[in-house]
Every structure is written in C-alpha cells, then in structure tokens.
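Please find the structures below.
Next, two complexes with chain A in common: one pairs it with chain B, the other with chain C.
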Partner chain A sequence: MLFYAIQRIGLSILILFTSMVMLFTALKLIPGDPATIMLGSRASPAMRARITEQLGLNDSVVVQLGTFFGKLLRGDLGTDMWSQRPVSQMVMESLPYTLVLIAAGLGWAVLIGVPLGCYSAVRRNSVLDRITGVLSVATISIPSFVVAIYLILLFSIQLGWLPIIGAGDSGNWKDQAIHLLMPAFALGLGWVGYLARIVRASMLEVMGENHIRTARAHGLPEFQIIKSYALRIAILPTITLLAVAVGGLLSSAVFIEAIFARPGIGKLIVDAASMRNFPVVQGGVLTTVFLFAITMPIADLLVAWLDPRVRANL
Partner chain B sequence: MMNRRDLLRNSAFLSAIAALGIKPSQVLAQEGDILKVRIEADIQILDPGYMVGGVETTVQYACLPRLAVPVRGADGNWSWKPSEYVEKVTQDDPVTISFTLKPRLKWSGDAGDVTAEDVKFSLERMLKSDWAGRFPTLERVDVKDAQSGTIVLKAPFAATFLMGVASESGTILPKSKVEKLPDQKFTTELPAQCGAYVMTEWTPKQKIILKANPDWKGTKPAFAEVQFINIEDTTAAELAFEAGEVAITAVLPTTAARYKSKMPAGAELTNQPGPYFTWIGMNTEHETLKDIRVRKAIQRAIDVQSILDAAYGSTAPIAHGVVPLGVVGNRTASKYSYNPDEARTLLAEAGVSGLNIQLKTLNEAYRVTAAQIVQANLADVGITCEIVPVDPGPFWNLGLESKGDDWKSLQMWWMRYRSSPDPSDPLQWFVKSQVGVWNWERWSDPEFEALWTKGLAETDSAKRQEIYVRMQEIMEDTGAYVWITHDPLNYIHNEKVVPDFDTGGELLVDRFKKA
Partner chain C sequence: MTPVCAQISEKPWSEPGVASATLRRLRRDPMGSIGLVLVLLILFCGIFSSWITPFDPLKINVPDRFHSPSLVHWMGTDNLGRDVFSRVIAGSRIALSVGITTIATALALGLVLGLAAGYGPRWLDNVLMLVSDSIYSFPTVMLALTVVTLLGASISTLMFVVIVIQTPAYARLTRTATLTIKSSEYVQAIESLGASKLRIIIVHLLPNVVGPLLIIASMDIPSVVALEAGLTYLGMGIPPPAPSWGRILQEGFGQIRTAPWIVIAGGIPLIITTLGFTFLGEALRDNLDPKLRHVV
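This part shows the complex of A and B:
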C-alpha cells in the first residue's frame, strides 16, 4: 500500500511537470503582448519592451521554465505584472471560494444523487425510477450557467429572495451561505443526474451478486443489505467520478463565478489569460493542476482502502 | 392533509430559512447613504504614472488632490475649472500656469500638508512615467512658497489642462511618502489621501469601499459611503441592477435600447457622449484597395445607420471623423453618404468586379453583428466580404510591422480607439511616423503633417477647430476611412442618483448628487 501511494505521488509530480512544460510552450506561442492588449494604441514601445523584459519573455522556454521552477522551490509563484502582488497571495485569495463552491455544489449533488440512484436501482422500473432517468439526462444536458440565469431571474429579480452578486461579507458566514445557495445549486444540478445514473448502474450490478442473495437468504433487512453490503461496493466508481469532478470544476466553475461575480481560481486564470498576465496564468494553472494531481491519488487510495480486493492486488 | 411528520419537517425547513435571514422581497437596493456602483475591472495600479484606467481614475479623483477638474461647458465641449484644493490656478501666458493651494490641506496619516513641493514632484515625475505623453511640453514646476508655484512649459500646448493638469494624470501625490517607496511607485495601496473620500477597504476582485473623509473641508459628497462592486460580465451587472444590488452600472447599447422602450421602475438611463471613435479602415497599399475609387466605393456602399440601428440599438450617433463629441475639432458632416449606386459607378470606373475582401474585427458580439451588415452592404454592390473575428492578442498586432508580416495581407478592419478630450490625441495615430505602427491605413499627406504641427502650437479654439476639421477631411479624402460612430456610454441608474463623469466617461463619485 505504501509503495502504491509513493507510485501515485510520483506520477502526480510527473503530471505537474509535464503540464507546466506544455503551458510554457503554449504561452510562448500565443500572439499578443500584455501592454498592447491592456492599453491598445497607448502602449508605447518603451512600455511593451519594459513588460517583455519584466516577464522574461525574451528568454527561451527552457530558461523561463528553469526560472519558474527555481522560484517555485522557494515558494515563489511570481508577481502579478500589473499590481506587483505575489501570485501566491492572489491564488490563496481566490482558491478558497472555488473550493467552497465545489464542495457545496458536489455536496448537495451527493446528498440527492446517491439516494436517488439507490432508490432507482432498488425500485427499478418504478414511476420514480423512470422520472429520475428522464430528469437525470435533462439536468446533465442543461449547462450550469443556463440554470444560474434562470435561478437569478426567479429568486433574485422576480421574488427578491436571494442576492446575486459576490460571495458575501467576509467573516459573516450567514451572508456567505446565502450567497452560496444559487451558485452551488446551479453547479451541482448536473452532477445530481450524473451521480444518480452512476450509482443506479453500479447498484444494479452489485444487487445481482451472490453475497447479496445470501444476505437476503439470511433474512437481513433490505435497508441494511443496501447500506452495508451493496452501497459500499457500488459507491466505488462514484468516488473516482467525484475526484474527476473536482478536477474539472476547479477551472470550469468559471462560468458560475462570472455570472455571480464570485471570486475564484477559474475566473482568475481566465481573466489573466485574456490579458496575457502570464505570471498569474502560470501560478493559477500550477495550483489547479496540483490540486487535481493530488485529488486523483487520494481517490485511488480511498478506493483501495474501502475495497480489500484492490488492496490485495497492490 | 398534513400529518405530524410533515408539520415537523416543514417547520424545520422554515426555521432554517428564518435562521439564514432570507426574507421575501429582500431587495438589496442602496441603503440610505451607501451607494453601490458596479465596476467592470478591479484596481491594479492607482499610481497615476503607471495606471491602467477605469475605476483607478474614479478613486484618484475621489481621494487625491489636483489643481483643476474637467467640466462640460454650455456649448457641450469639455473645459476645466479650478478644483476645491486651490485658491487659484490660472494660465498666465501660453507657457506659464500659476497656482496657489488652499492652506492647511492635510494628507492622511503622518504625511503632513499638501504643498507646492508635492505638486512639483507629482507633475515632474509624470515626465518619466508611462503617461508622459499627457505632458508633452512640460519643462518644470517652480515652487514659490509652501502653497504656490508655477508650471512652466517648453512650448504652448492647448491641451495642458484637459489632457494633463485637470485629468487623472494631474493627480497630486505626497512626495514624502512616494519617495520612500520601492522604485518610487505604488500599485494598489495609496501612500496617503486627501480628498472628499478615503479608500478604507479593498477586497481583491470583489469590492472597494470609499468613505466620506471627515477631515474634508470642501463640498461634502452626497453619499457617506461608496461601494464599488466588481462585476466583470455586463449581463450579470444588468441583472444585479434589476435586482437592486447596484445603483448604477454601464450597460450595452442594445440593453440601453431595451431600457428606453421599457424602463425598470425607479430607474433612469443616462446616455453620455463617450471618448471613443470607431471606424472601418482600409489598407491603402493592399493590391485590392490601392485604387482610391475602390476605397471611395466602399465608403459609399456601407449603410452606417443600419449598423448603428442593429449593433448599437440606435443609441449611437453617426461619426464624421475621429474627434469625439464634446471635443474641439469634432466634425459634424462628411462629404460622402450611403449611396450604393455611386459605389457601383466608382467600381465600374475602376474596372473592378467580383472583388473579394477580408474584414477583420475583434471577436465581440456587437462588432461581428456590425460586420455582417457591412458584408451584406458590400454584397449589394458586388463585393464579397469575408468576416474574420480575431482574438485581442493577434488583433492588436495586425498592422504592426514590428510583429511580422500580417500588415501586408491586411485589407479592412473594424477599429475603435479611445481619445482624450483634445483633438491632438486621436489624430496623433494617423501621422506619417505612425505608418507601420498605428497608422494601419499606411498613408501620409504633407498638408496633414503641417496641420498636425500647427495644431499642437495653436491655442485659439476657433483656429484649432478649423485645423482639426481639415485634418479629418484629408483623412476622409483618402477613401481609407468609413466613419462609424463615437460609442456612447450608457448608464442605467437609480432615479434618485444623479451621476457625474470625467472626460473619459469614468464616474466621478465625489460629484454625484441625490435627486
């Protein structure tokens, strides 16, 4: 198990390094300099030259990579080329909001999606199973930003119940919770459908296993069979799916962050990329890749811990 | 019928709602003396020498001193007046401006009084800054005593006030504090403040809070607190306004048109002439467009009013040049108009048929809409126009010789620049030295060059009007320009708020009033 863990961590470091090499190469290739994009015709040649020098853009990709990783080993993600603020500080200001949004969105999706999937499997072909099937596909199909806009129109503009903009006052958890309601709902709705379908499919497979038949034959209550014998195995693919979801949502939550004007890492990266603010792009992407790279091994290790069959094969 | 279990469940739900403080009809409108203003981008550099613009300008006007401020005259043109920080500021002669600050103006913290030394430091440092072009003829500032001094110019420059002293570039900084900063520059933290407001809080990417300065001796601002809420997406901002979460926001032209026909309750729309000028440019050196008759045909083939109706919701005026409304030199008529028959005649005279042209534009929805109308208009006279939306990065390099050879294949493009409130600013990009830089049309004219030089030195408004109108005529006569519009600034705001703006359309919250 320890060797497996080390293996996964080593793979994560390799993923991180490869991602940054690809990013640096891509940044080198995209046209446009930051000064001209920000200031248009007002960007003087001296200004463009100063910013190019400041960003080290005249250096080769290898030198730029070396400089970046050298600073990274010292905990320095660089500085924002305009405000001169440390990128690490900017990332740490934005990241918690995205993590909270993802946790809230996926959290309610799990709370609704997993029981729905279980029920659908146990009551296969029932009315609720069929309704869940249709709604699952529908919610998966609707983009989260479309859901967000309809929520705003109903709950903010029509009813005036919920605020639209921002993440709430700092330090006021109630205000922050209210500001999180609509974004989390919009983000998680599609995942309710995904999780319900995945759990249903897994449960159907597991419920047909011999050990379930044996448990029933022994007279165990159906609820206990589902909870202790079936779900524990059926949930394993879901854990892997959730890890993938976290990785994807780290950057794709940008749509929700944009509509609700919430701070977040995805928005930070997108804004920086459009302005060619390379240090912020590099620092932001590194952070999301790092988080994704550690989320997958954690999910794998969790699966291994839960499933003795996987542990035995390590 | 509800059973006991249902009652308990619903009560728990309602209790949770009550605990969170969610109330029906909770419209988060401006509360009393707090004004919530939407901003599109966060502050990055508040230092006037290195600023980017936008809300940075607003914060500078509200929290930092200057000698003069811009005002709109009775004729609708921009002018200036002394600020509340001075007892007097006058242009004594074409190259000398004298000023006397009010006594006992205090910086915040331990930065002492605002002095003439601060003025000298602030203006002279601009000469080495990224915005040195705002003071092209400034030589030095002489200090007479603690409050008085003289600004000395190397040569007369009519825009010294509007582009320099009365603009955000004329912001006065505390010398004692700035000198001690690394590289003598600052970004997001003001070294000291002295204004109607003080910036008390900044949450990056979220909010900036200004509070009325209790030590301010000038006109008290209308609102005790101003909160700038960072909402980058304009549609989200419009929704926020309709939900009552911001009291004022800029809106898209098509939204302004919608609001004009159906105004939200308690709202008002302000249409403000903007500092922009938009045109379609043509590369005079491209094989397809070398013949001036072809270019003039294109000028006459494009129905600009249709573009303004479709892409701007009929909220934008037709332009006849590059100098915006409200600025000396604004041109009120063109020599050509939409005339497809004349366009066909010109093409026939040029012996051209089946022409293929590429029109490049930034990949923004309204620009692409406009380009589609251009495409239809040109098809009507037998020209096939391919629209090429371009990302900002490569777009701004299209005509730059230093960035490669794209300029050689460049034919037509949709362009918008921003101008200062002086005609020399928009016209500087079309002189001969700008060919291969920002003069993507790649033309020059001796009379144009002579007028350019003359206009910089001329201080009489009437003569400047003649000079700059004539320069735009020369531009139009090249056939390389199709004037589109001076994009207006549309703001939707609470009807109880009376906004005020600077020459660039930035909000001057210290001059806002309550209706």
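This part shows the complex of A and C:
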C-alpha cells in the first residue's frame, strides 16, 4: 500500500511539474513581445519596460524558470499587473466560492444519481430505469451554460423567485444558499445522469458476483445485500469518476460563474483573460491544475483503501 | 459460440454488409433513430445554410428590432433587427465547420502520434504519454483561456486549442490499440515473414484502429461545439459579427428581459446538436460492439 501510494503521488508530482513547465513555456513560445501583447500596441516604451522588468523577462530562460518554481514553492503566484495585488491573495479570495459551488453541484448529483442508479440496477427494465436511461444520456450532453440561462429565464425572469447575480451577502448564509441554488443545479445536472449510469452498470456487474450469491444463499434480506455487499463495491468506480468530474466541473464552473456573476476563480480567470492579464490567468489556472492533480491520487488511494480486493493485490 | 476475435475478423467494420446491417439495427433503436434524424437535420442546415436562411443573418435593420416570433420572423429579431432564425441556421455552419475540422485534424495527428508511441522506441512512448497526461491535467476551459490570453480570441486560436485538447485522447486510444494488435499472433507471423513496419501499420493496424476511433471522434463533436459556443459566449471564441450560437446566447442574455426569445433560440440548436450526436454515437457504439451486439 505504501509503495503504491508513493508511486501514485510521485506520478502526480511529475505530471504537475510538466504542466507547470508547459504553462511557463507558453509565454515564451508565443510570437512577439509578451509586454506588447498584454499592454496593446499603443503602450509607451517605458510601460513596456516596466512590465518586462516585472515579469522578469530580461533574465535568461533558465533563471526565469528557477525563479518561477522558487516562487511557486513559497506560494507566490506573482503580482497582478494592474492592481499590483499578489495573485495568490486574489485566488484565495475567489477559491472558496468555486469550491462551494462544485461541492454543492457534485453533492446533489451524488444524492440523486447514486440511489437512482441503484434502483435502476435492482429494478432493471422498470419504467423508472428506462426513463433514467434516456434522461441520463440527454442530460449528460446538454451544456451546463445553456441549462443555466434557461433556469434564469424561468425562475428569475418569468417567475421572479430566485436572484440572478452574485453569491449573496457575506455572513448571511441563507442569502448565499439561495444564490447557490440555480448555479449548483445547472452545474450538477449532467452528472446526475452520468453517475446513475455508472452506478447502474457497476451494480449489475457486482450483483452477478459469487459473494452476492453466497449472501442470498444465506437468506439475507435483499435490502441488506444491496446496501452492505453490492453497493459497497459498486460505488468504487464512482469515486474514481468523481475525481475526473472535478476537472469537468472546474471547466463548467467558468461558464456558470460568468453567467451568474459569482466571484469565483472561474470568473477571476475570465475577467483577467479578457484583459490579457497573463499573471492572474497563469496563477488561477495553476491553482485549478493543482486542485485537479491532487484529486486524482486521493481518489485512487481511497479506492485502493476501500476495496479489499485491490488492497490485497498491492 | 464463436470467440469475439473470430467475429471481428469474419466481418471487418469497413465491409459494406456491416454498414447496412448497422443502419437497419439503428432504425429499430428509437434513440438511435432520433439521433440520426437530429444529426441529419443539423448537417442539412450546416451544408445548405446559405440557401435556406430566409434573411441575411448579418444584415442590420434597426427599425425591425425586437420583433417577437411571428410568421415572418420565426424566432423574432434581435437588438439590431437581425432575423434570429437565419442567424441560428447560419450558426450551424460555423459550429459544424469548427467541430468537424478540428476533430478531423486531431484524429489524424492522434493516429500518427499513437502509432509512433505504440510502434516506436520506448522513450518516445514515455515522453508522449507524459505530455498527454500533462495536457489532461488542465481543466479544458482553463487551458483554452490560457491560450486565448496569449494568442488573442480568434477562430484559429479556438481551433488550435481544440486540437491541442483532443489530440492526446486519440493518441492514447491509438496507442492502446496498437500495443494490443502489435503483440497479436497474426502480426508476429507477418513480421516473421519479413513484412516491413510501414506495411504492417498501413495494411494491418490502421483498418483495425480507425473504425472504433471514428465513432469516438464523432461523439466528441458535440463537446467541441459546446466548447466553441461557451468560449464565444465569454467573448473568447469567434469574434463578432459571425452568428455563432454562443454569440446569439451572449447577445440574447443582455436582452433577456425585453427579448427572451433570443436566448431560447440560441440554446435550442446546441441542445439539438448535443442530443443528436450523443444519441447516435451511443446507438452506434452499442451496435458495433460485438460483445454488446450479442447481449442485445
């Protein structure tokens, strides 16, 4: 187990390192002078020189790479060119909004999707199973930003029930929860069907295994078999899937946050990207890559720890 | 029962009989049929958009602004008096051309890289896989926003981003298939008979790899279309005045209180495209997978 953990974490660090180098070299590979690109062609030479100095573009590439990683290890993501604020501070301010959004979106998807998948597997070919089958394919494919816009049209414009903009007053959790309803629904909708499908497929597989037959032969109640023996194993692929989901959700959150004007990391990056403010984009993207990169090994290790069959083979 | 590999070798996917049998089976599958109809509808709109748009999608006609849907303007008009229905139809050409061109390019690149990784030296395999894993570690939209920040929003930037994102996926699939086929007995037999690597790749590997890959790629088209619309919505995709669906949504969102029909019209083609390709892709996959075929 320990060897597997070290191997898995080592691979993640290597991937993380490569993606950081890619992000760093991206700025070097573009044709033209980065300072001109960020400031526009009308910028004065003095301004260009200041930005070049600020980004450390005068040093050699090796020195720049060293400085880049040195700063990263100290948690320094650079400085915003316009407001002169540390990027790490801006990221930390916006990150909680995104994390809450993702947790809420994924949370409701799990709460509905997992039982639905379970039910579909146990009552195979029932009406609900067929409806779930069609709806899951349908909801997976509809882009979350279209769902978000249609929700706004229905619940905010037509019915006037829910607020559109912002994340609610800070400190007022009720207001924040109300502001979270539509974004979380739009973000999680696609995953409800997807989770239901995966849980259904993996439940069907597990239900045919020997240990379930043995449990049945011992006369255990069906509910207990499903809960204690089948779902415990069938849920494992879902955990891996949830880790992959984090990447997809971080992407969708960008659109959702832009539409609902939620001050999360997605909106931070979009706003910075529209002004071609590279340090903020770089810092924000690095943070999301880091988040995504640590989720995968955590999920793998969790699966290995939860599944006695995997644990035995390690 | 015949083993699975024997079934595959009896009937390669490219044989004409398989195509017509698949089509027959597709017709019996309600979801597959709906998917096929929707995809054909979108393809028709994309190909013949210049002929079937009732108005010029770019023509500004301010006196006619904010007309609600009527017999003349089926989906109403927007804030500049442009016919929304014509813009939606013209948008299908943009969506399809971006989707199909980028996926085809990524597919070609992925095939070459995957074959190189599977058939080439070990170090090349390791390097390619590390790079592809690293690209995977970026949430898609984040990678897109980074590139757009550096290169500026344009249709070529958008296509570049999609190709960068999709190529590793196809390279990976090709690599896995290559490694499996490479170690199979029939390839070893041909190798021992003295066939060149190039011949093995072109005559024996490619036909086995391309079929399944094409289905997977066609299922990726809706996500590329959605990404294009999403980025254009954010102002990071196709610049105005091109009537991308994302642009229609973005302009409509600004007028959502006065002219809600614009966002409704902008969202519908995206839903049709994603549903159509997903339903069709699912049905095709179920039909062409020999294991599933016999279960059904």
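Throughout what follows, the second predicted complex is superposed on the first by the 292 of 314 C-alpha atoms of A that agree within 3 Å, B and C clash if a C-alpha of one lies under 4 Å from a C-alpha of the other, contacts with A are read in each partner's own complex, and residues count from 1 in each chain.
Going forward, a contact is a pair of C-beta atoms (placed from the backbone, for glycine too) under 8 Å apart; a residue touches a chain by one contact, two chains touch by 3 or more.
Quick caveat: nothing in here was measured; it's all calculated off a predicted structure.
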Partner chain(s) touched by A:278 [first = chain B, second = chain C, both, neither]: second
Partner chain in contact with A:220 - chain B first, chain C second, else both or neither: neither
Chain B versus chain C as contact partner of A:201, first or second or both or neither: neither
Chain B versus chain C as contact partner of A:288, first or second or both or neither: second
Contacts of A:146 with chain B and chain C, given as first, second, both or neither: second
Touched partner set for A:161, first chain B, second chain C, both or neither: first
Contacts of A:135 with chain B and chain C, given as first, second, both or neither: neither
First (chain B), second (chain C), both or neither touched by A:174: first
Contacts of A:261 with chain B and chain C, given as first, second, both or neither: first
Interface residues of chain A shared between complexes with chain B and chain C: 30, 37, 149, 152-153, 157, 258-259, 274, 276
Chain A residues touching chain B - in the complex, by the definition given at the top: 30-32, 36-42, 44-47, 80, 82-85, 90, 93-94, 149, 152-153, 156-157, 159-167, 170, 174, 177-178, 258-261, 263, 267-268, 271, 274, 276
Residue ranges of chain B in contact with chain A within the complex: 19-28, 43-45, 52, 130, 133, 187-188, 203-207, 229-233, 236-237, 239-240, 242-246, 391-397, 402-403, 417-418, 429, 438
In the complex with chain C, residue positions of chain A that touch it: 14-16, 18-19, 22-23, 26-27, 30, 37, 134, 137-138, 140-143, 145-146, 149-150, 152-153, 157-158, 247-248, 250-252, 254-255, 258-259, 266, 269-270, 272-274, 276-278, 281-282, 284-285, 288-289, 292-293
Interface residues, chain C side, partner chain A - complex: 31, 130-131, 133-135, 137-143, 145-152, 222, 226, 229-230, 233-236, 249, 253, 256-257, 260, 263-264, 267, 270-271, 274-275, 277-279, 282
